[in-house]
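Each of the next two complexes has chain A plus one more chain, namely chain B in the first and chain C in the second.
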Partner chain A sequence: MSAATLATSLSMVIEAHVLLAILGGAVYGLFIGALPGLTATMATALLVPLTFYMAPLPSIALIVASTTMAITAGDIPGALLRIPGTPASAAYTGESHAMTLRGEAGRALSIGFFFSATGGMIGAAVLLLTGPLLARVSLNFSSFEFFWLAVLGLLTCALVSGSNPVKGGVSLALGVLVSTVGLDITTGQPRFTFGSMELMGGVSFIPVMIGMFAFSEILRGLSSDGARPAAAPETRSLRPYAGIPTLVLRYPLSLLRGTTIGASLGALPGVGGDLAAWIAYGVSARFSKTPEKFGKGHEEGLIEATSANNAGLSSAWIPALVFGIPGDAVTAIAVGVLYMKGVSPGPRLFAENPSMPTAIILCFFVANLLLFPLGYLAIKGARLVLMVPRNVIVPMILVCCFLGSYAINNTLFGVGIMLVAGLVGYVMERNDFPIAPVILGLVLGPVLERNFIMSMQIARGDLLGFFDRPVSALLGAVVIAILLFTVISRIRNRSARHLRRLS
Partner chain B sequence: MFHQGSARGCLALCMAGAMVFAGAGSAFADWPEKAVTVIVPWSAGGGTDATARAVATELEEIFGQPFNVVNRTGGGGLVGHSTIATSPADGYTLGVITIESTMFEAQGIPGVTPADFAYIGRFNADPIAINIAADAEYSDAAGLIDTVRADPGAVAASGANRGGLSHLAWIGLLDRLDIDPTAANWVASDGSAPALQQLASGAIDVVSTSPAEAQSLVDAGQARTVALISSERSALYPDLPTTTELFDTDWSPLPFRGIAAPTGTPDEVVSKVEAALKEITEDSAFQDFMAARGFSVAYQDAATFEQTVTSAAEGFGSAMSSAGLAQ
Partner chain C sequence: MRIGDRIFGPLLAVFGAGVIWESTQLPSIPGVRFGADLLPIAIGAVLVVLGGMVLWSGLREQAAVPAEGGSYKGRSGLAALWSLGGLLLGLMLFEPLGFPLFGIGFMAVMMALMGARLRTIVLVAPAFVLALHYLFTAGLRVSLPAGLLAGVLP
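After this line comes the complex of A and B, so read on.
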């Protein structure tokens, strides 16, 4: 990265039409993201026709800004209504909603926007310096490494998302089990489909997510054991970004760690970004001085996870730009748009026209910067949502539940899934089973299975193949160490308690 | 009205019937009146996805309505193809079908047969190439085949699910070179993008996929395309030797990409899209896009496309039984 390239890219970005595209994309993304069930992918797909009439950089800037904003804005319904906007924000929806219940909605949202923006900007800065290097490393990941990463994600999730790891494990297993519904990915045999064509396509995580988090919350309200927000929140508590500098000073390590985890995992094609938020949240709980506060509306995990998913968002573009291998639907659409504009992503792009990829990364910078003012407005607006009485807001949540789950495939099947998931989620929560692991199980289940089968086929059925490659062996060792550590510390706790009782 | 005479009543009825019929016909004269869904049976980022998105974008421009690309992956393309086949035949669901749609029947997998589609047109056909890792011990197709011959199980190949076209092309070649296809190690993957990632990471040795899909990795110095599994050289890659030249075989599986709709889709819609597809394939911007990504443009109209699909189904049926995959 030469200074000249940086200067050229900068002058490309600070053109009126590029900045206008970023602003427009950000406002649009804010609305899409704040509506439960409408995803960043959908936001991007709807933008494609608009890009016909635009030059290459503004088109990409539009996509970049709208996804950045949509992912962050997904935290708004998560915190206020307990409906996570994306699987990534499902990692900390419980945490931020707990803050809202305490009357600290403004604080939860401020943390969301501030640390998303900071994480995103640090992530973009890291990418500017190490982008091609990160891409090269991510290209060395085979199914063996992806398998261990998926295990690691599932494991941390089960361990941190509730007070009882065994119950977390049960929830996780349920999610993984539901993810096996549909056609088997290797040979196309139907599993648990009961002859239903709709089940052959599998169970999508979005209606499940809406049902388990939002619909079950309504059920809890009906059975009147739901926690209600304390008295109407004071306006003072909704002063956006109040007290944030103190938080930065108190948890600088969380911010840095979250950003690092996000930027490095995000570069892996596939589920990197979603996984990053969960792993960051898990790491935060592990290394926190006050792990007992997690899940009850504590800032630390929120900071780490929310900065991780925004950092991961920008690095997901690296494999797409450097090798033309898009990791998710958003970058696939963006790669398509670039090709239509005669810009071919790939190593030649970096060699022949390095200012273009640099300009794209700079767009992330600007888009994340915009999160501060737009977040300010969104938090101010959130006050209006909180002032609405509960008997008005419940039907609104219900409408959101139905719309969001219907919009996935435009079928009532999704609504049915949402209702069933809501009932299951309600029963699970009454019995202290955490529901967030179900979502991650559903998202990572196919990843786990596919990479396990590929690896077994490569190793010709030899389980030791998972330890043949250095990185894979290292990841495997980490997984085993976490398992052993958990089991040993449990046994030790139990025997200590036993001894105390004896004495 | 009826009491005035049965003849007039009958005429009135006929006229009413004709009007209803005409009404039904003209309902599609204005097609499309809303967004059209284009189902792609393969993962986002693969070759089918990229070309489908390009075609959808052009269709959008021609018809002035959104053509939304939806990836329905899984089951080696079965999920997506059967989604296309079972969608309502109202003209608002189209799909991009690939050669896999002709294979499920022979494999004994229920759900999709070539008769389930109304064919609209083909826009692309590219031969499959053999791609190897850049740091492999051998540097050409002959060296690779020698290594496979020594121990067929030691060379891991991938590119699609088991029984997918990439798989058939590879084992079909081995079969013709007197290497036992059932001993070869095939790693089932969900499309070519994950397989290429595996190749780059050094976990597998061969990816059989179109040279275009491997292009970025080849440019990055991570992979090398060594031969086309075909009987004729490609205009886009004139320097690539064919397996027919190298090994004196006659194996030339030619995968296609085309647009189809559920059977029963109104003829008006089929002919409108057919005409639009012809226009798109003649458009220089589309041709430039395809060439830039290394895809050839190979248009066939509805009738010819249907014929191609039918004969491919027959050819692959026999290829699969020789490899022990048919049921």
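After this line comes the complex of A and C, so read on.
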């Protein structure tokens, strides 16, 4: 990318109507993301009619700003009410909510907004330089590599969620099993639908997420062991971003590592966005000097995962822009909007009009920059949520749970799913089974299955075929090494415990 | 509801076996070597193995299942019951009553069971539900059933 292209793109972005579109999209995204059950995809879909009346760049700037903000704002109900906004934020909802219960809601939200914005901006800077290269690498990935990546993500999640990897594995297996409900993705056969038309379409992760995190939490909160207040009073000042510079100096590696993981994995179509935060959280727990603090409201994992989340968000646009291949629903809508405006994403766009994709990446900069002031307002507003008495906030959350589950498809089927998921989540948590892996299993299940079946067909059933390609073999070796390491360290811990008992 | 690993493990294993059995009932498609049953059978097998491991760890723990907390008593027990029963009722009444009436009713009962004052209930429940209704219908263009209030609400 030349300096002239950068200058032209910058002049395109700083035009008043583009900046106004970014501001409008950001405020709208903040609003949607903070509402439990509403997703960034829904926010984007609702914006499409508005883009009919706009030029190409403001249209895309609107979508970019609203998704950036909606995904980050999804951390607000996650931290305050334990309702994650996205599958990615489910990776660290437990951590941020634990901080809220400790009376540090402001700190949890500050970390979320600050490191999301910083990670997003660093990610966008990296992508300006390496985006096309990353996209080319990711397009060389075949079903074998995607299969191993999905396994790696699921494995990481099972190992870092809770203290018992076996129970994490059970939760994960249940999530993947739920993802198989509906029409089979390869043959189109109905599976586990028991004659229900609604189940043919599969089980959406939104009502499951609302049920497992929010509804089960309310049920637990109403029992005798949950008689404590839903959240401790804010013991520290709710001053936004207080103490953040100290955290930057204490955990610079977490920020950089999270950003790198996010920017690299985010470019993988279909898998990246959701995996990045989970893998970053897992890596953080693995290399932390204080792994025992994870899951109890520790800043380190939160910093790494939130940085990865937003860095991955911008890189998810690279395959869409460079090759015209959208990796998720949001970029699919954006590609549609670009086509509608007569702009064809793909390699020719970079050759013929390089300032356009560069301007889109610059919009990410501005949107992430806006996270600081809007985050400030959101954190200030969080005080209001925490001040609401428990006998008012709990009924409000229940109504939101009902409405959020209904609104996803405008059917009561979603509400039914939410209630069942809530009860299952409640029983699981009471028996020390982590619930976050269920969500990742549900999201990555179709990716895992599609790539596994495709790979088996290509390899004609020979499992060694999964190790034929260099990158695939490397990823497979990493997965096997992690499994072996886990088993060996558990055996070693058990022997040490046994020896201690004997002595 | 704490069940304990000694019971949860076998339950998981039986469930896994059930998944395998149900998956084998899926009709096979001629010429398709790796069909719809492959992944569910693999997950079922994983659940059987992990169920066994959960049972094993439950048996290794010498202590009995701790009978800590988790019970529902008095008003909060009723509130827990209503949070489930009320929403189940919502599955039937949501469309005929409409969101505003169902939402206000559900929220008012829940607030009363949780000990909110009457004045708070009367002020908060209708205001919150109606605000949500207009936010979704007018702001986000998500259609919600108006039910009995169809034609009454602006």
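Keep in mind that, in the parts below, the second predicted complex is superposed on the first by the 492 of 503 C-alpha atoms of A that agree within 3 Å, B and C clash if a C-alpha of one lies under 4 Å from a C-alpha of the other, contacts with A are read in each partner's own complex, and residues count from 1 in each chain.
Everything that follows uses one rule, which is that a residue touches a chain if its C-beta (ideal position, glycine included) is under 8 Å from a C-beta of that chain, and two chains touch if they have at least 3 such contacts.
In this text, all values refer to a predicted model and were calculated from it rather than measured experimentally.
Per the definitions stated earlier, placing chain B and chain C onto a shared chain A by superposition produces no clash, and the two fit side by side. By the touch criterion stated above, A:H97 is placed in contact with neither chain B nor chain C.
Once the two complexes are overlaid on the shared chain, A:D184 sits against chain B and chain C alike. In the superposition on chain A, A:A332 contacts chain B only, with no contact to chain C. Using the contact criterion defined above for the overlaid structures, shared-chain residue A:N140 touches chain B, although it does not reach chain C. Of the two partner chains, neither chain B nor chain C is touched by A:R257.
In the superposition on chain A, contact is made by A:I453 with both chain B and chain C.
Superposing both complexes on chain A places the Cα centres of chain B and chain C at an angle of 80° as seen from the Cα centre of chain A, in steps of 10.
Within the superposed three-chain model, A:M200 lies in touch with chain B and out of touch with chain C [touch as defined at top]. With both structures placed on the common chain, the touch criterion links A:R107 to neither chain B nor chain C.
Minimum C-alpha separation, chain B to chain C, in the superposed model: 7 Å. In the superposition on chain A, the residues of chain A touched by chain B in one structure and by chain C in the other are 46, 184, 186-187, 453, 457. Those residues of chain A whose C-beta lies close enough to touch chain C in the complex are 32, 38, 42, 46, 164, 166-167, 169-170, 173-174, 176-177, 180, 184, 186-187, 189, 191-192, 215, 218-220, 222-227, 389-392, 394-396, 398-403, 406-407, 410, 412, 415-416, 419, 423, 426-427, 430-431, 445, 448-449, 452-453, 456-457, 461. If you check the complex, the residues on chain C that touch chain A are 1-5, 8, 12, 19, 22, 26-27, 29, 32-36, 38-40, 43, 46-47, 50-51, 53-54, 57, 68-73, 76-77, 79-80, 83-84, 86-88, 90-91, 94-95, 99, 103, 106-107, 110-111, 114-116, 120, 124-125, 128-129, 132, 136, 140-144. The touching residues of chain A, when paired with chain B in their complex, are 45-46, 48-49, 52, 139-145, 182-188, 197, 200-202, 269, 320, 322-329, 331-333, 335-336, 339-340, 342, 344-348, 450, 453-455, 457-458, 460, 469. Contacts from chain B toward chain A in the complex involve residues 44-45, 49-50, 53-54, 57, 60-61, 66, 68-69, 71-72, 74-76, 78-79, 82-83, 86, 104, 109, 111, 153, 156, 158, 161-163, 185-190, 193-194, 196-198, 200-204, 215-217, 219-222, 288-289, 292-293.
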